[in-house]
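Multiple structures are listed underneath, in C-alpha cells.
What follows is a pair of complexes built around chain A, which joins chain B in one and chain C in the other.
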Partner chain A sequence: MYKFILKRLIMMIPVLLGVVFIIFSMMYLTPGSPEDMILGENATEEDKQQLREELGLDEPFLVQFGTYIFDIVTKGDFGTSYTNGRPVTEEILQRFPTTALLAALSMLVALCIGIPLGILAATKQYSIFDHFATTVSLFGISVPNFWLGMMLIIVFSVHLGILPPSGFYGAEYWILPAITVGSGAAANIMRTTRSTMLEVIRQDYIRCIRAKGQTEGKTIWGHALRNALIPIITVVGIQCGVLLGGTVLVETVFAIPGLGKLMVDSIKAKNYPMVQGGVLFIALVFCVINLLVDLLYAYIDPRIKSQYQAKKRPK
Partner chain B sequence: MEKLLSIRDLTIYYASGKRTVKAVNGISLEIEKGKTLGLVGETGAGKTTTALGILNLIPKPPGKIVSGEIFFEGEDLLKKTKKEMRKIRGDKISMIFQDPMTSLDPVVTVGDQIAEVIRLHQTNSPKEAEKKAIEMLELVGIPGERYNEYPHQFSGGMKQRVIIAIALACNPSLLIADEPTTALDVTIQAQILELMANLRREFGSSMLLITHDLGVVAEVCDNVAIMYAGQIVEYGNLRHIYRNASHPYTEGLFGSIPNLNDEAERLKPIRGLMPDPSDLPPGCSFAPRCPYATARCHEEDPAVCEIEPGHLVKCHRYEKAEEGEHGSATS
Partner chain C sequence: MQIKRKRVQAVPDRQDDILSLKKSSQALEIWGRLVRNKTAMVGLIILVVLILTAIFADYIAPYGYDDQVLDDNFIPPCAEHIFGTDNFGRDIFSRVVYGSRISLQVGLISMGFAVIVGCIVGSIAGYYSGVVDNIIMRIVDIMLAIPSILLAISIAAALGPGLRNVMIAIGIGSVPQFSRIVRASILTVKEQEYIEASRATGASDLRIIVSHILPNCIAPIIVQTTLGVGNAILNAAGLSFIGLGVQPPIPEWGAMLSAARQYIRDYWWMLTFPGLAIMLTVFALNVLGDGLRDALDPRLKS
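The block that comes next holds the complex of A and B.
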C-alpha cells in the first residue's frame, strides 16, 4: 500500500510540471505585459526596461521557465507578487482556507442533495419523483454557476431580502455561494448515483439479501449503496476539481476574498507569479484529492485492495 | 403425510410494455414434510418465477401474482404483510440461487454474510452470530479462519458452499434450490449435491429443487413436477416419471438425454422452441411441438388426468383413458 502511495506521489511530478509549463506559456503568450500594469501607461521606456530586467522578463522563455522551476525545487520559492511584493506562498495560504471552506460546504450541499435523491430516483424508477429529479438534475448540469449565482442573488437578496448578496461576515453569507457552486456537483452526483444504483439493485446478491429477510432500507442503504460507491466517489473526486475551479467565478460574483478571487484579480493585473503559483496549488490539491479517492476505493472495495496488495508482494 | 407447502392455482404475469408475459399459469403442487420435489423444465418455463413467488420476491412492477394460494405450514403466504414475509424469508423458507459467482455481496466478508441472516432471525448478539456463522462455515467444509475473507477470494464451488451455509443457517423447514449446480464444474456439482443432501437430512428440511437436469432429479428427489410454458404438464413420484413418462414433453426430455445403451446413434430432440409466453396458443401449449397433436389439441386446453394413483398428466391423450380405456392411450 505504501509503495502504491509513493508511486502515485511520484506520478504527480510530471503532471504538475505539465501544468506549470502550460500556465507559464499561456501567461507568456497573452498580450499585455506586467510592467505596463505595474508602472502605469505614463512610464518611460527606460523605467520599463529596468523593471523587466529586475523581474527577469527580458530573458528568453526557456530560461525564465527554468529559473522558475529551479527556484521552486531548490528554495521552495514561488516568487513574489508583483502587486504588493509579498511572497506568493504566503498570499495563497492566507486565501486558501476561505476557498477550501466554500468548496467543502458546496460539496456537503452536493452530497446531501445528490446521493439521497439519486437513491430515491433509482428505487422508484419511472415514478413522478424520478422524472422530477432527473429533470432538475439536467437543469443543474446545464446552468452555468455564475449565472445561477446572480439569479439567486436577485431572488433571495434583492426581491425576498432574506439572504445577503455578497461579502463574508457570517454563516448566512455562505448559503448562496455554497448552493451556487454545489448545484452542478449535486446534479452530477445524483445522476451517477441513480444510474449506478439502478444497476446494483438488479444484481443477484441484492435479491439474495432480500431472500435472507433483510429489511428494504438496510438492503438499499447498507448493501446496495456500498456497492454503488466506487463510481459515485469517482465523480465526487472529479467534482472536487470542478468545485475548486467553480469557486473562481463564484467568489467574484459574491465578492468572497478567496483564492479564486485572488486568481481573477491577478490575471487582470498580469501578476504572473501569483497566477502560476495559484494554478499550481489548485492542481496540487486536485492531485491529492484524487489520490485520496483512489485510496478510498481500496477501503470500500476489497477486490481493489487485494490488487494493490498483490502489486506489493507478487505471489 | 403432512403437507408443508401447497400451491394452488398460482398465476404470475409480468407486464412488458403493452404485452403481458404469462410466466406461470395456474400451477398447483405440494411438498410433504422432509421430502424433495424436483421442478423440471427448460429455460423460461417459469420455474424461477414460481420459486420467487413462494418467497414473494417477484419484482413488482413489472411482476404480479394474479391469483392463487400458497399455503405454507397451513397459512397463506400471499396474505402475509411485508413484515411477516420478512420473518419467514431466510428463517423458515430460504433459497439457494443459481449463480454462486454473483449471489454474494462482493464488499462484505463471507462470514458477515452468514452472520447477517442469523442476526436477523435468531440472535441479537453479534458475538453469538459470529460463533454460529463459523460453525456453519465448518459444516459446509470451509475452515472457520476464512470468516474474514471476501467472496472474490473463493472459487465457484466454495461460494456455493457459503450460499448453502447462509440458506441453512436458520434451519429452514423449506429450502428452495434454484439450479444450485448449473453454474459449477461437473466434479463440483456432485460434491455440492451430496453436501446438500447430507445437510438436508441432518436438518430435516424439505426441498424444492429447480433444475433442468433429469440426472440430478433421479439422484435427489422424491417427487417430480415437469413444467412447460408456465404449467405443470406431468407430476408424479420418481418411479412414475422415470418408468412411465406419459406426457409427450416428458418423453421428449428423456429422448434428449444421450443414452449409451441405446442402439440409435442420434438423439431425439424436441422439435421447435417454447412458445412466446406473451402469446401462448389457445389449446395445449405444447401442441405446436407435439408429435401426437390432433386438431383438438390446438383448440382446447387439456384437463389434468390421474393415470395412476399420484401420477398426474395434463394431456388430451389420457382423457379417454379416464373414461375406461386405461392403457390403450400409450400406444
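The block that comes next holds the complex of A and C.
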C-alpha cells in the first residue's frame, strides 16, 4: 500500500511540472511587460533595464523557467508579487485557509443534501418526490453559482436581513457562501447517488438481505449505500476541483478574503506571479485530493485494495 | 450489352436504397425515443425558442441593446419595460434578447473548436496507441489537473478580454475532456472486424478513422457537445463576471450581472433576469443532453 502511495506521489511530479510549464508559458506569452506594471509607464529605459536584470526577465525563456522551478523545489518560492513586493508563497498561505474552509463547508453542504436526497429519490423511484428532486438537481447544475449567491444576498440579506451579505468572520457569514458554492456539487452528487443506488438496490444480494428480514433502513444505509459509494466518491473528487474553481467567483461576490479573490484581484492588476502561483497551488491541492480519492477507494472496496497490493508482489 | 449495363447499375442503386432506409429508420427510432422523453422535449422546445430569439432579435427586442435614456434609469418591471431598465436607462428585456446571440455564439463556436481539436487529438491517440497515445494522454492529464474554470481564467488572463478570446479560452479548456471521450470510444471500436476488413481492402488510416470509426463513436460526442455548450455558456458568464470576458456595452448575460452587482441592494431586476436567462438556457441544454444520451444508447438508461 505504501509503495502504491509512493508510486502515485512520484507520478504526480511530471503532471505538476507540466502544469507549471503550461501556466508559466501562458504568462510568459502575455502581452504587456512586468516592468511597466511595476514602475509605471513613465519610468526611464535605464530603470526598466535594471529591473529586468534584477527579476531575471532578460534571460531566455528556458533559463527563466528553470530558475522558477528551482526556486519552487528548493525554497518553496513562487516568486514575488508585483503589487506589494511580498513573496507569493506567503500571500497564498495566508489566504488559503479561508478558501479551504469555504470549500470544506461547501462540500459538507453538498454531501448532507446530495446523498440523502439521492438515496430517497432512488428508493422512491418515479414518485412525486423523485421527480421533484430530479428537477431541482437539474436546476442545481444549471444555475451559475455567482448569480445564485447574489440572489441569496437579495433574499436573505437585503429583504429578510437575517444573514450578512459579505465578509467571512464567523458562522453566520459562512452560511450563504457555503450554500452558493455547494449547490452545484450537491446536485451532481444527488444525480450520481440516485443512478448508482438504482443499480445497486436491484441486485440479488439486496433482495437476499431483505428476505432475511433486515430492516429497510439498515438494508439501504448499511448494505446498498456502501456498495454504491465508489461512483459517488469519484464524483465527490471531481466536484472538489469544481468547488475550488467555483470559490474564485463566489469569493468575489461575497467579498471573502480568500485565494480566489486574491487571484481575481491579481488578474485585474496584471500581477502575473500571483496568478501563476495561485493556479499552481490549486492544481497541487487538486492532485492531492485525487490521490486521497484513490486511497479512499481502497478503504471502501477491499477488491480495489487487493489490486493495489497485488502490484506490490513480484511477478 | 444494353441489358447488362442496366443490371450492373441496378444493384448498387438498390443497395443505396436499403442503406438509406436503414439509416433513416435508425434516426427515426432515436428521434422516437427522444420524443417520448418529456423533459428532453421541454429542453428542446426552450432551445428552439432561444435560437429563434437569437435569429429574430431585431424584431423581438422593443429597443436597441444600447439605447440609453438616462431619465428612464432604474425603472422596475412594467408594461413598457417588462424586465425594467438599468442604470443607463437601457431596456433589460432587449439586452437579454440580444444577449442570447452572444451566449449561443460563445457556446457553439467554442464547443465547435473543442470538438474538432478533441476529435483529431483523441483519434490520433486512440488509433495509433503506443508512444503517441502516451504522450497525448499525459498532456491531457496535465490539463485536467487544473480545474476547467481556472484553466479558462488563466488563458483569458493571458489573452486579454474580448469575445473572441473568451471563445478561445473556453474552447481550449474543453479540449482535454473531448480528447478523452473520443479516445475511449475509438478504443472500443477500432478492434472490430469491420475495421479490419476495411484495412484489408487497402483503406488509408485517415479514411478508416473518418469514414468508419468516427461515425460509430458519434453518440458520446453528440451528448458531450450538448452538455459542453451549456458549460461553455456558464463559464463564459463567469469570465465576463470577473471582467475577463465580453466587454460593455455588448449585452452578454454574465457581463450584465457583473454591471448589476453594485446595484444589488435596490434594483433586484437588474440581476434577476440575465441570471434566469443563463439558467434556463443551460437547463435546456442539460435536459436535452441527458435525453439524447438515453435516446442514443437505451442500454444506459436504468
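Please note the rule applied: the second predicted complex is superposed on the first by the 309 of 315 C-alpha atoms of A that agree within 3 Å, B and C clash if a C-alpha of one lies under 4 Å from a C-alpha of the other, contacts with A are read in each partner's own complex, and residues count from 1 in each chain.
Note that contacts are C-beta pairs under 8 Å (C-beta built on N, C-alpha and C of every residue); 3 or more make two chains touch, one makes a residue touch a chain.
What you see is a predicted model; the values in this text were computed from it and never measured.
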Combined model on chain A: chain C and chain B, fit or clash: fit
Chain B versus chain C as contact partner of A:V242, first or second or both or neither: second
Vertex chain A; arms to chain B and chain C (CA centroids, nearest 10 degrees): 80
Which partner reaches more residues of chain A (counting touched residues only), chain B or chain C: C
First, second, both or neither for A:Y205, with chain B first and chain C second: first
First (chain B), second (chain C), both or neither touched by A:H223: first
Which superposed partner A:L138 touches (first chain B, second chain C, both, neither): second
Overlay on chain A, chain C to chain B nearest C-alpha distance, Å: 13
Overlapping contact positions on chain A, where the chain C interface meets the chain B interface: none
Residues of chain A defined as touching chain C within the complex: 14-16, 18-19, 22-23, 26-27, 29-31, 135, 138-139, 141-144, 146-147, 150-151, 153-154, 158, 165, 195, 198-199, 241-242, 244-246, 248-249, 252-253, 263-264, 267-268, 272, 275, 279, 282-283, 286-287
Chain B contact footprint on chain A (complex, rising order): 203-205, 207-215, 223, 226-227, 300-303, 306
Residues of chain C that touch chain A when the two form their complex: 39, 138-139, 141-143, 145-150, 153-155, 157-158, 160, 230, 234, 237-238, 241-244, 254, 257, 261, 264-265, 268, 271-272, 275, 278-280, 282-283, 286-287, 290, 302
Touching residues on chain B, where the partner in the complex is chain A: 55, 57, 86-91, 94-95, 97, 99, 102-108, 116-117, 120-121, 150, 152-153, 163, 166
